[in-house]
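Dropping the structure in here first, questions after.
Chain IDs A, B, C and D follow the sequence of writing; residue 1 opens each chain.
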Amino acid sequence: MDVSLQISIGKLILKNPVTVASGTFGYGEEYAEYFDISELGAVTIKSLTLKPRLGNVPPRIVETPAGMLNAIGLQNVGIETYLKYKLPFLREKKCTIIANIYGTSIEEYVQLAEQLEKEGGADAIEMNLSCPNVHDAKSKFKCPLIAQSPEWVEKYTYAVRSITKLPLIVKLSPNVADITEPALSAEKGGADAVSIINTLLGMAIDVNTRKPKLRNVVGGLSGPAIRPVALKMVWDVSRTVKIPVIGMGGICSASDALEFLIAGARMIAVGSYLFRDPLVPMRIIQGLRDYCLTHNIDDINKLVGSVIVE
Amino acid sequence: MKKLHECLITLHNLVAPHHYRMVLQNKDLAIHSSPGQFVMLEVSTGYYPFLRRPMSIERIFSDGVSILYKVCGEGTKILSTLSVGEKINVQGPLGNSFPIPEGYPHYLIVAGGIGVAPFPALVEKILKVRGIPPEIILAGKDYNHLLCEKDFKQMGCKIHLVTEDGSAGQSGLATDVLETINTQGETIVYTCGPLPMIKNVHKICVQKGWLCYASLEAEMACGEGVCLGCVLPAKMEIENEMMARVCKEGPIFDTQVILWDKIGDR
Amino acid sequence: MDVSLQISIGKLILKNPVTVASGTFGYGEEYAEYFDISELGAVTIKSLTLKPRLGNVPPRIVETPAGMLNAIGLQNVGIETYLKYKLPFLREKKCTIIANIYGTSIEEYVQLAEQLEKEGGADAIEMNLSCPNVHDAKSKFKCPLIAQSPEWVEKYTYAVRSITKLPLIVKLSPNVADITEPALSAEKGGADAVSIINTLLGMAIDVNTRKPKLRNVVGGLSGPAIRPVALKMVWDVSRTVKIPVIGMGGICSASDALEFLIAGARMIAVGSYLFRDPLVPMRIIQGLRDYCLTHNIDDINKLVGSVIVE
Amino acid sequence: MKKLHECLITLHNLVAPHHYRMVLQNKDLAIHSSPGQFVMLEVSTGYYPFLRRPMSIERIFSDGVSILYKVCGEGTKILSTLSVGEKINVQGPLGNSFPIPEGYPHYLIVAGGIGVAPFPALVEKILKVRGIPPEIILAGKDYNHLLCEKDFKQMGCKIHLVTEDGSAGQSGLATDVLETINTQGETIVYTCGPLPMIKNVHKICVQKGWLCYASLEAEMACGEGVCLGCVLPAKMEIENEMMARVCKEGPIFDTQVILWDKIGDR
């Protein structure tokens, strides 16, 4: 039997449903030393901003039980450097590129998307409306995220939708009471897919110094610890919207990836676990193929949302 | 070059209270390693601990490398329970290595505590490529914290022992000794140890006009430059402040590029 | 130096700030075989309802990375049986009792609180407004919790506050965008303290059968996996309300407990980790005392909220 | 009675592919254990796996107990890597035990696969208090899945071997044999194994009018009755449906109290 792993996001066809989570794969150069990164369904790059950003003051990382907190603060080279120095490598490798973007206003998102489309910098755009690490946790501890307001999500999505024909993905935050609301807004705003989920807000304290372990006080929790939460949100959203869901949050193995697909994700992303095992995306692609063979599934799309609820 | 290796543990000794030496057998790893580089060890197969642990390469053999480590938390505790004959997944070699520029008659090493770890390999390399045995300041809290003395002696190094409690060698800090050393001709200092020590070594080197390379540490997730977790503020290109990745631009830095004022006392 | 671990919740004085999380300690009988449960600051009992409840259909428990999902569904003996058969044991042991209650309406909460006060069934009442496991996940997947609506929280709290003089604790849910809002409502409604947090909604799927691992599909995530999330919420709430915060979520050791106290919790509860080590509350009490001695703290209240944010 | 014990592992053998026997040395634990009870093992010191693992007590010695287990997931895999001489934290004994009422000339055991685990202790006890060797149906997928045969023989039991593939004894299922057995006088059946087998054993016993005690399993968190995770629908008191805790009201149940219709085929 031939197994097709091909899926599509908007009009973009991907050879398999496996990508990497923004911010855990740089711009592809480093892990290209470990495997042929063109084998990925897509490469999702670190969030880009208009100007380069230095990010937050370190320490930026704390290990937690079965996970980690990060407060990178969107350190990135900026769109100019990306287009000039990072993009050629990805193009040469023949990667499908999902460019994740972050702006501090609607205009910035629009500008980023326009420039990416014009200069061929992306095959799809992922709007990061849910980064927990760019606000100063001390002064405004409510850290309002765009993704926490369904209204804003629709506005932001609509604005970018209006100026680009590129497939548009909106990345949402788990720090909400009901993630189906912003997901619906993203759909209404014209998104071709939603990414579920970004990190959960979290914190850790060094009891000897009584200082937060992250200099930024608060960070985003990722890794297998959050997998059950992510999976539940993917299930909720995929029953609510008609557009594809890209599932992520603690995926470490083919079995984890299958949980997300069965719950309703059309595509999945591996994030923090890359740090443990850079080869995990390849293992997952192979594992999905094996599972389909064993279970007599000729098209991975048939698996999507096939969870049996009694 | 493959960077993920299943290594056989061929030696695992307690070398001092809470300190162990482990030899990781793997030819591929050995061949590509240089002094100053590090490896990331998978200390458990489960999710606890979740991340790998970074360790400097202590010595490079024909078919493997050794590491020298101190048990301080959960990860190193688990590491210490592994037995000879078991396998461990090792990622590396990672990071840059110690530069050994020509034309320096004096190589000086300042090692504090477990910070001695990357230096046996460096001494061997300096001997090999320059034929000059470096001078070494070996500092620690007490006698038990002075590691590798014998190895350095065998390599023909002049050694200054320093302990905080005076239980071996001179009593005081590494920097007390460093200040008293006067060399003739160009001098390079290599240092590794607690951050306050490194800062002070840097200051002394600036005063004396010596070039100083430090092996720095930071909390690491990926070890490969993708997570941007391990950065330090630095000024590596002209007029351009940046966040340098300890795992990629480092772990070895010319101490003049680090913006020490912005690091604080973590 | 003498170390005082004494704290107070409303007018209730507790000999130390360590309790157990509702639903992880039954009514005290079982773990009384392991240690002297009167040594606890208080015993918090499993949620009580007016009538006995059978709870959800099993399987009800799934292990997850550094945690677990549960969908017990509030199985409990009901208030009558509690008063008749469980209370005497706790009273004989001279335990301070926090009675956790759950109702399906304001009236039920009021009735439970009245009866408990009248019959001396509690030294404090904890209103569980945040149980994720009592709605049918299939039919209404939005699972609206009272604790997700600041308005309802205030109403419910106020109603119970009006009829009881017992110290009143309101237990909130982490499944919100900003937990300070319901916390403020609880304070306004007259609560003497808030418990932060109940479990996070989560899910797991058996990829071979494609069925959810919990028969109830969705469950509540607890254990060390969620500790960073809980700690962040405790920090947020304790800077917002004036009433004490009872912190819980993944506490496994004295060091974990200290993180919560330093972040701002006046008291802490141990939950899931009891299943691993029933003696952990005793270890924590000892560990708090040791820490205070080492750090020259004569009164544990001085530690509360002492986190140093640069 | 103390229920948390640091036990020394004094024996740890592979007894069949993926199946191990482990002896846990601890007098206190041994003294208080009865056949049918179980223990909860802390298989890791970290948070992965998070929960303890329940295992039936296989045999009770003067200074310890043995368990017999099958490697099926992460927890049992870790368990299988422990060595003789290491210690492990054991909670127990937990749960109720097999009733051995008087006046039954026939004791019949039906064990499927690893479900044999609690029976060596039970046989010893029956021999001791009643002097009658139970008859045993020992069933498994194949020859490799028939455990403890020798032990039961030594104890003087009549044994029926059954394998699904016919590689040993009769070919078929345990229940095929059970149906053919005709006893004279009151008979008690004890059973443990896969749930579908237990259900069918129960049905046959109902037909034959035999009393049947099963050792049941459920996902467990606490093992002590506080979490209410391990329940099964049962009718233990008159007219009162309840959720019985496998860890507390069980693991041994008179199969007539279980509401089999409500359990489904998990």
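Going forward, a residue touches a chain if its C-beta (ideal position, glycine included) is under 8 Å from a C-beta of that chain, and two chains touch if they have at least 3 such contacts.
Note that the structure is predicted; figures quoted are calculated from it, not measured.
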Chains in simultaneous contact with subunit B and subunit D: A, C
Pair of chains joined by more contacts [C-beta pairs], A-B or A-D: A-B
Chain whose average C-alpha position is farthest from subunit C's own: B
Computed distance of Cα centres, subunit D from subunit A, in Å: 47
Geometric centre distance via CA averages, subunit D-subunit C, whole Å: 36
Rounded Å distance between subunit A and subunit C, as computed from the means of their C-alpha atoms: 33
Residues of subunit B touching at least two other chains: 47-49
Residues of subunit A touching at least two other chains: 64-67, 223-225
Arrangement of touching chains [line / ring / star / complete / other]: complete
Contacting residues of subunit C [partner subunit A, same complex]: 64-67, 69, 138, 141-142, 148, 175-178, 180, 200-205, 207, 209-212, 215, 217-219, 221, 223-229, 231-232, 235-236, 239, 250, 255, 258-259, 262-263, 291, 306-310
Of all residues in subunit D, those that touch subunit A in their complex: 47-48
Residues of subunit A touching subunit B in the complex: 23-26, 30-31, 33-34, 46, 54-55, 57-68, 70, 72, 75, 223-225, 252, 272, 274-279
For the subunit D and subunit B complex, residues of the former touching the latter: 44, 46-49, 74, 78
Footprint of subunit C on subunit D - complex, ascending: 1, 3-4, 42, 47-52, 91, 218-233, 241-243, 248, 262, 266
